[in-house]
Structure formats: structure tokens, C-alpha cells
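I've put the structures underneath this note.
Note that chain A is present in both complexes that follow, paired respectively with chain B and with chain C.
The block that comes next holds the complex of A and B.
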């Protein structure tokens, strides 16, 4: 923003290079179902798809607009509720065989969620957007808690603790998509995820998308040149709420149930976690974050009782040592490759990676031994093919050796890395 | 970017592939890590302990029973992911107890799964989710409940209160969400019917798991002159409530649903003695030597008390059904389990065929000091006050069960 005359570079020319990420991801989405063959894999893919859209919509606020929100699950949850009520309306209307809803396919439920999420943001958003920063964070925190509490108190709309549930195999079918198994739902998810990601990327290229970066970086200057920051924040808020609602609509079809806890602080925190782990500054960062965090959430607890601790540690480590997130790391490598400096910088990065792996191995072993010592058996300590038991001193020594070796490598190679940076 | 995921997935698929066909797997989908783990871990340990006993007695129709623990973080959506993992792992029996939200998700998901995948049916054994709807308007053929539902518990509790002529004024305090509201509603209706002279002197709702100091509520109870308090509170909400009452010097007894759940005895100590009552299918005296043995062994092995008699009942009934049907296929087992009778240490229990709700005798017990078998390593435990017969606990159902052909 230092150069006032700077205008966003326009690429009017058709370029395969700009198109390639989209073609590759479309190809991956098409090939994946032929590689995967278990219901669990498809189920996980569907969860990841929902989380990708959710995390990206959150990053419109935080990464692009600079608004830290603790209430984003409100849009996700209300979008999901709207889609679920619509799905039940389809169910009833198709029994009766008449009425507006009898002609609406379940495949379009994400649109219902999107409209609901956008409307909610439109109605409640204006007073929130006067300030960014702490005030905005506090207000959204209050909003999230308020809606979550209301969700528990009005069972007629939110279904009480048991939530409301529906059936996705109703109404007209499109493209012969029956939506019976997770594998069928995958195509639905792939379609909407691709569309939503593309739309959110396109949003960043619009003038409003550019202004959202400006309002993040310097709201005062924006005011001087004639754009009221509040209006811009409000518009980002609505867009972000719409896409949050779209993710909610996808979730309604995937899970066929929605409960009031989906409105609360925990899922809002999940959005922040995914976006931050993936990297706020890179467009595809939240995608990476959504994949990593979803897998950690669903798979890690099979191997260790300390799974939640690891999710927390990963978050902490990234915020402290790699604030640009996993996506930022990938971007580093990509930029280096494009500028032809990869060969020079790679050895330095590899030494860093070795150090990080050693430190993490030591830490993991230490945590597992602590858990084993405190809670009895925990199988993760046998994970490295070796048998570590808390009773033997050698196990603890090994943990410290690994950790120490990691720190040593980090120290020794520091200068080497700096010279080759 | 996608490569590590593929290897991760491949690794998890390999793990799934190693499943042995010899054992019958029962998956526990409950919180096993994190802040709510104290609710899921005791059930996990109980099940593992009881499975050993079942296997020593010949298993299910000759096949060994294996318990698989899957962590759901009490989240309905996450539970569905875990359910799919279990199904891919060859699991045909699922059990869960913590949270009616999760139970609701599992019931509707399993109903749909069984409809969409004939030949791969899954059976859901519910050990603690007590929303009455699950065996009334939302009843499902694939769901069997081994705990008394919330209304049955209130039925037993109000029987006991109605029989006590000293109680003239009752105060209701509950958590402000669907379960707390249902408890309050059932208490008002049933007391009105059984003892119209009892006055409800207060009906409070407080935010769920948010109140740290219950003194204002307790002083309201005190000034209302209540002779007894009924509460469906669980977790910290019951501990802190009774603690505040003890510190305030409130004499009225607390009739609770979850007074003996894990952690309460340790945190209350002397303050709970003669003050906290609970309604449950069992109590803490263990006069039956077999049950005393289970309490001692379980505490030695896993440091959890033998609290869930119903988990023993559940596995015994599962074994009896499998043996009777000479099969471990859920379809045959479900058919055999309908209407099944079983003799337990507290008397005969019946799995009612109409709604798959277990019918069982219940007990009112009160916390006492110097018990032979103390809970959580203390000297406190719950002593039997009254037994309410199976017929008295029972309630009619509105269930219209849809059975598969």
C-alpha cells in the first residue's frame, strides 16, 4: 500500500499457468474416488470438504479482512439448520406430491444454507462492523455464545439437545445421484467444494476483495480516500457469512443431523484453528489446514489418548514459530522454485526440517511416556517399532536425546540457513 | 500436498484390514479423551472388564467379544465419522451413552444405514442416553435401551417422595436445556397426580455448566421453605449445587439423577452425607458377593468403581440373545433380544418388545460415610433407601415399532 498509484495487475491474457491449479485440483477430485475404496475414506473426504469451505469462508474475515471472529459457527450452524428444515420440507412435500418444495432437489441445499447465512449476517452485521480488532472479536464471541444458548432454549426450532434430523434421499434426484452412501455424497461434496473455492478465490480478485485487504492493512487511509471501512467490513461480513452458511448446508446433507452445539464456541474455534494452522496469508492455506486438522481430529485419537493435546501443540507451534502456517511454507518453496533459488535454499530448509522432526519425535515420546506413566497402558509408545515403557530409565533418556539432538541440529545449522536464505 | 494424506489413509485402511473375523466387535462411541473423558472412560473399562467375563463363559455363541473404543468428543457429527470407521472395521454392534445429541445422531444414522445396506445391519445398544423420545415417538427397531429413561426415573423418584408424608414442599432446579426442562415438566406432572397436596415452591433453570457459585439459588431454596429438592443436574452442576447447599446450611435433601457419577463423591466428601440422594438401577453396598468381587477387581484393575450394573446386564443379554439365536448376526440377535428376560442381582429385568426399553427395578440411595466398599477410594458410598419394583417404574409407550420383514 506504499505506492498510491499501484493498481492490481490485470491478467487479461489467457494463461495455462494461472489455470493449472484449478485443472489439477479438478483432476484430483475426479480421480480420488477410484483410488479410495472404503466408506471411512469417503466419509473423511466429505468431512474435509465441509471443513475446507468453512475454513476458507472464515479466512475471508480474518486473513483477508483482518477481522478476528469467535462466532463464525453461527452462520455455519444457522445455514445448516435452514438446509435441514428445507430438507424436511422436501420430504413432506414429496409425500404429498405437490407444493413448491416437491420440485427442489436436495443437491441444492447448500444454496439454502448460503442464503440463510447471508441473511443472518445482513440482519445482525451492521453494528458489529464499526470496529475491527478486539471490539469485533468480543462482539462476535458474545454473539456466538448468545445464539448457542438460544439454540438450547428453543426446542421447537433447534430440536433441543437431540437436534433436528432429516433424510437426504428425498425429492427429485439430479444426475441420478441417489446420495445413499458416503461415496455418492462425495460427488455432491466435490462439486460444491470446487464451486465454492472457485467463487471465494474469484471474490479475492474483485475490487471488494482488494479493498478488504486494504481495510485490514490501513483502515484510516481507506477512509481518507473515500471508502468507509465500515461498509467494506459489512460487505465482507455478509460474503463470509454466506459461504459459512453454504458449508453448513453441505454439512446438513452429509450428516443428516444438526444439533445446537454446532452453533457454539467449539466449532467457531475449529474454524480459527484450521485457518491458522493452514496459514492466513495464502489463499489455499485454510484448505491445507482443514485437511490436516480434520484428519487429526478423526484419526489421531485411535492411536493416543493425548490427541487433543497434540492438536493444541501443533496450533501453538505454528502460531509461535511459523505464523505463516503450513500454506505459507508451501508458498515459500513455490516462490523459491519460481525464482530459481530453490537449489540454493533447499539444503538449509532440509536441515531445519530434520531438526523439527527430531524435536517433535522427542516431544511426542516424552508426552506418551508421561501419559503411560500417569494412566497406564497407551499403545502409541510402541509406535516407532520399538517398545518404550515408562518404567525403564532408558526410554526417558531416549526422549531427551531425540529432543536434544533436534535442538543441537537447529543451533548448529542456524548460520548455514541464514547464509543461504 | 495430497501425498501424506494418501499414505495416512492407506495406513488407516491397512489397520482396518487386519481385523480378525473370529471376534464379535462391540464399539463404544463415547468421549475417551479430553475434558469429557471422565464420562466415557469408566464405561470403556467396565466393558473391557465385563467382556473378559463373557469370554470366559463361552463368549457370544462361541465367539469372543472384543471391545473397541472410538473417541467422539461428545460431538454428534464426529460420532457419525466414528460410526463409519467402526462399520468399515467390521463392527456390527455399537454402544454409546453420553449425550442425547449423539444418541439422536446414531439412531437416525443407523436406521438409514440398515435400510440402505441390507445384510450389513448394525445394532445400537444405548446404555445411558435417557431422552424418553428414543423409546416413544422416535423408537427404532435397531435401538435397545438398557437404562431407565428420564421419565421412568422420575416416576420412581416421585413414587418415593409421594410415600414420604413429611415432604410437603418441593423445589425444582435444573439446567436450562431440553433435558433439564423435561425433568422439571415430568416432576410437576407426576407430583400433581400422585400427591396433589405437595406444593412446588420453586422451578428454577440455570445456564448449563456455567454457574460457579450456586449460593443465590440455594438461598432462594432456603427461603422457600422447601422440604426436598429435585434436580436432573449432572457433572459440575450437581457437585457445586450440593456443595453450596452444605456451606449454606440448607437441610433439605437433594434428589438427583446423577449424584453418584464420577468425581462427585470425592469433591463433596462430608458435605454430601445424608444430603444427596440418587435414583439409579443400583447402589453402593454390594451385599451380593459376586458384585462385591466385581467392584474390588474393577477398582484394582482400572481405578473405576462398579457403577454401571446396566453394562453387565447389557452384555449378559447380548450373550443370551446370541446363544439363543445361535448366531451373532445383529438381525437374529435383535429378534432374540425383543422381550428377553434376565435374572440380575437386583431382580428380573425385561427388554420390552414394544419399544426396546428395558424394564427394571430401581433404587433410591443416599450418600453415607464408613461404607464397606467406598467409592473412588474414599469411605463414602451410596446406601440403599428404597427399592421401587419393576412394575411401579414402568410407563406406557407411544412407540409404533416398524419391524423389518
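The block that comes next holds the complex of A and C.
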């Protein structure tokens, strides 16, 4: 994370070039529901939307502020709980026909989550932000475990093991959004995701956003020039917690149920996973990561029992071989294209890609064979029209050949790639 | 009452010793390489599963010896081919690597041994009572575990303080570069220490498996507590880790054993609170899983260097 995000000079002029990513993504968000017009697609897109905001809010801490947190789900979960309680309040108030909550639409629930997440960060954050690094990682780990354990202890607030649930089709409707089907919820998700992503991007352009990069890169120097690092970290912590809570509010509307499990280490780890896979050093990295990891989580589980293992392996491979993540890779290609060196570099990258594909094929085959051997399942027996069964030695040999071929290609082309880098 | 105190103390010490077996390896690795090994508890789990599989073939005692060696070898491989590679990218990358490794090991264990607990138990003759106090048995196995743990500490102490390798390790803890300049192979030393720490975790798994439960969730339940031990004891301090292990072991065991709620305690001091209220009705036993983390947050706020640590993390 020593690489600093490329900072463009401040432009006050209106420019189409700066605006184009936003226009394109808005257009994609508008067109997507007409292209992928099925219930499962909408459900998946809604999950991805929640994860995008969650991963980006996490990256405000880790990628931009240099604070490795293992307790980010606390804000997500508590924001979600707040939104859920608010939804239930709307339900009751609109049933009675009076009261403050009777006038609040469910569409605004992410705001409730955001306020809750920000308040929680404001209340608990100060003692945490004294140090970054390992101390911060450990204290957030402790916080997450503590809040998750507390979630089981106060059933009237957290609903115990079963959690609490609500109904999103209550209260006043805005823009005729009934929020009945996943397709309705999509518009709600698209709106809030776009807004939240824009707000978080705008945050990186504020003086505080720039200071957060400074506190990541050199906290001592920041202290010398008169900015206490702890204050900066505290403010980033609050901002990140708010957006985490916003993602939680979106999740409350999407799932209509929230359990204490969503406060614990597993969802916190998911945020870390998505941000790191996508790349911590690029603003849109966590967006890419959230899309890839969500797709992997939901689609791979249709084909294999070991889907979480594959997600873990991808994460491990990225940490080891591509520390800048998928987003860093995209930036690489973009820079090469802009400099006109893409043609020269492409062959080298392609040899690398061939090696990676071979190695992953070998690994996948190995894992699936292992699974077959232990559980006697005959899924995945067909692989390129060949029959692979765990009983025959040839299957294992094939897996090792693929893996070995990949490593060999990697070794042989190493020099070629370095020369063309 | 006396019965509860005696048995809770014994069990607390037992649990604390188990924690120290894990945290001693973690502390050694941390003070040498500056990396908190997130996957440490996963190696503990591997130790239990290896011993379970081997124990079916070769019996408990050979497995007790072989499983930690195997886990240690695996740990050394991880250091050589994985951790060393990400070392250049800084501590966060190393932490991320071990985090991902924990993820992968947990999933692999589920893939190979299934998602439910396996019936890994101590041999039958060790389930006999060692002594009986107030009508409660204390099994031979628990006594053996305490013996193994104590033996391990003596061996660890001897290794670190009395041997040449131990001297090199102690030197490399503080003056890594200097040890390198003097012609010692520091990367190999790192690999050895990492493997050794993992082997200690594996040993803890071999004896912790029958004591607690051998299931795929065992790493996730114990892992964070081991971190708490290391931080509370003071990062990089073996003695601190020892005290913190016993402290947390005893606190947790006593909290589980005391069957009283917050209201009972407050009422005993003359306050009059509702014994069935949502907050006051919480029993100390249900607070037990939270105690290490409360301790962690308090320590990090009020004494960030831990009980015996010299440096702030």
C-alpha cells in the first residue's frame, strides 16, 4: 500500500472526461434491469449493491487511511439493526395512522443506518484511533467479537439467535416504488449505491480525504506539521462507520432480516476480502472486488461444495502475486493503453495469463477430486468431456500435469515477461 | 463451594496452559518476524485432525509425537513459499496473507474431514479417574495434559536459554540484521521459528482436541482468544503471554462455574435490583465468552503495552 493513488490536479473547470465514469455507470445502472430481466439476476444485483457500498466504506479505513480493521461489520450490523427497528416503527406508526414515523418512507432507511453507524463510531472510536497498525487491528477484532457476543445477550434489541425481521412494504411510498419484488428493490439499490459511491469518491477529494492518505503514509510527519494523526483517524473512522451503516440500512431493506451473526468476524472478513481482491490502492478497486466476490459466492455454490475455498484461494493468490488487486491490474492496462505500450506488453501478460489458467485448472481439478474422494459425490465428473473419477490414478496425474505445466510456463516465460514489462 | 473453587482452578490452569501452548508459538513468531499469524489457530486445528487420523492407525502416543512434527513441517513450508514472498509488501500484506491462509485451511479441513465434529478421544484407560474429590472425578488424561504442558515449558525454556540455537533466536529477536551479518542464515532461522511455533500449536491441538472438541469451528473459537492473550500479555513477551494465558484461563473458567447473575451480585451488596431484568438478569456464565475481549479492549485503552510488554504494538 505504499503506492499512492494517482492524484489528478484539481480541476474546477467542467470537463466531460472527469464526468464520463459517472455518466457511464449511471447509464449502466439504468440499462442493466432491461438486459438482465430475471428474478435471480435482480436478487444478485441487490446483494452486489450492498456489498459495493460495504467494501468501499471499508476501504476508506484500510486503503485510504491505512487502518486494518477486523470489526467493520459492527457498523454494518448496527446500522442494519437501526434501520430494521425504524422499519418496524414505520409499520406500527402507519398502522396507527399517526406519529413521526408514519411520514418516513422506507426508501430513506439507509440514512437511518448511516446515522446509526456514524453515532456508534463517534461514541466508541476515540480510544481506538490512538494507533494504527497491529494495535488497531487487534482492538477492532476485540470490538467485533464483543459486540457479536453482546448481540446474543440482549434479545429485545438484537432478537437473539433468530435475529429480527421487518417488512419493507409499509409507510408512504415514494416515486411509486412499492418495494415488493426484487426488481423494485433494484431501483432503490441503484439510487443509493450511486449516491454512496459518489459521496465516498467526493470524500477522497476533500481536504480530510487527502489527510487520510497522509496519515496512512507518514503519521509522524503529519504530527510535525500540526495535524494530530489521532484526530484524523477518528474522523475517518466516523466517516467509514457512517457509510458502513448506510450499507447496513440497504441490507435491512433488501433482506428484511438481520441476525447478530452479521456483527461478527465473518462479515468483517468479507469486507476485507472484497476490498483486498479488488485492490486497496485504486478507488474503484473495492467495487470490482465486491462484484467478483459476490458473483463467486453465489454462482460457484451452484457448481461445487467448495466455493468458499475458491474465494479464499483467489484472495491468497492476489495477496501473494498481485498485491495491488484486480483494480491495480486494470489500472496497469489502462496506463499501458494510454502510453501506447499495450502492444509491446500484451504478449508478456498473455503468457502469464496462460500459466495462471493452467495452474488454476490443475488446482480446481485437484480440489474437486479431493472432494469426490472424501464425499463420494460424482459432480464435476465431466471436465472437457473427459471422465475424471477419484478412483483412477490418471485423474490425479492429470491434475498434477496441468498444475506442473502452469508452473513450467510461469518459469520459462519469466524472463520474457520481465523484458517486456 | 470449595469443590467449585478447586475444580475451577484446576480446569482454569489446564485451559490456561493450553492457551499458553498456542500463544507461546504466536509470541515467538511475532517478536521475530513482526507478523501476527492469523492462521495460528488453524495450525492448532490441523494438529487435532492429524492426530485423529493418525491415531486410528498408529495409536495415541505416536500421534502425539508425529502430528506436531507434521504441522511444524507444514508451517515451515508456508513460511518458505508463502510468507517470505509477501514480506516485501509490508506487515499489512503479511497479516492479509495469514488471514487468507486461515480461511483456506478452515475450508480444506471441512472438505477433508467433513463439517461435523469427529470422534477424536483420548485412549480408554486415560478416562479413568486420577483422583476423586467431593465425589467428582479428575481424569488421568487431564493430569497427563498438565504434565505434557509443563514438560513442554521446560523444554522451551531450555531451548531458548541453554542452547546455541536458542541464543541465535534470542539474538535475532532484537538484532536480526546483526545476526545476519555474523554469517547466520536468518531466513532459515525464521523458517525454523515459524515451523516450531506451528508445531507447538499442533501439539496444543493434539491434546486440546479430546479436551474441547475436534470440529471445523475450533480454530475460529480459539483463534481470537489467543490474540487476546498475546496482546494482553504484551506483544513479544513470553512471560507476559504465560501470565495472560493463566489469567484468561482462570477468569473464563470461574465465570462459567459461578452460577449467578449480575443482579445477584448487586443484591448481595445491598442494592435492590430486578433479578429478571434484561441487563441485570444476565448470568456470569453467559458473559464468559466475552471476558477475554472486554479485557483486551480495556488493556488496549489503559495499558497498550500489555502486562509485561516493553513496546506498544
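Some notes on this structure:
In this section, the second predicted complex is superposed on the first by the 408 of 421 C-alpha atoms of A that agree within 3 Å, B and C clash if a C-alpha of one lies under 4 Å from a C-alpha of the other, contacts with A are read in each partner's own complex, and residues count from 1 in each chain.
What we mean here is this: a contact is a pair of C-beta atoms (placed from the backbone, for glycine too) under 8 Å apart; a residue touches a chain by one contact, two chains touch by 3 or more.
Since we're looking at a predicted model, the values are computed, not measured.
In the superposed pair of complexes, A:308 makes contact with chain B and with chain C alike. Applying the stated contact rule after C-alpha superposition, one finds that A:101 touches neither chain B nor chain C.
After overlaying the two complexes on the shared chain, residue contacts for A:76 are found with neither chain B nor chain C. In the overlay built on the shared chain, the residue A:43 is in contact with chain B alone; chain C does not reach it.
Of the two partner chains placed around the shared chain by superposition, chain C is the only one that A:367 touches, whereas chain B remains out of contact.
Of the two partner chains placed by superposition, chain B and chain C are both touched by A:149.
With both structures placed on the common chain, the touch criterion links A:58 to neither chain B nor chain C. Of the two partner chains, neither chain B nor chain C is touched by A:188.
Shared-chain residue A:316: touches chain C; no touch with chain B. When the two complexes are superposed on chain A, the residues of chain A that touch both chain B and chain C are 149, 153, 155, 305-306, 308.
Contact residues of chain B toward chain A in the complex are 1-2, 5-6, 8-9, 12-13, 15-16, 32-34, 37, 70-71, 73, 75-78, 80-82, 84-85, 87-88, 99-101, 103-105, 108-109, 112, 116-117, 131, 133, 176-179, 181, 207-208, 302. Residues 36, 82, 85-86, 89-93, 95-97, 99-101, 103-104, 107-108, 111-114, 220, 224, 227-228, 231, 235, 278-279, 282, 286-287, 289-290, 293-294, 296-297, 300-301, 304, 312-313 of chain C are the ones touching chain A in the complex.
On the side of chain A, the complex with chain C involves touching residues 1-2, 62, 66, 68, 127, 130-131, 133-135, 137-139, 141-143, 145-146, 149-150, 153-156, 265, 269, 272-273, 276, 305-306, 308-309, 311-313, 315-316, 319-320, 323, 367, 370-371, 374-375. Of all residues in chain A, those touching chain B in their complex are 28, 35-41, 43-44, 47, 149, 152-153, 155, 160-163, 165, 167, 169, 180-182, 251, 255-257, 259-262, 266, 288, 291, 295, 297-299, 301-302, 305-308, 330, 376.
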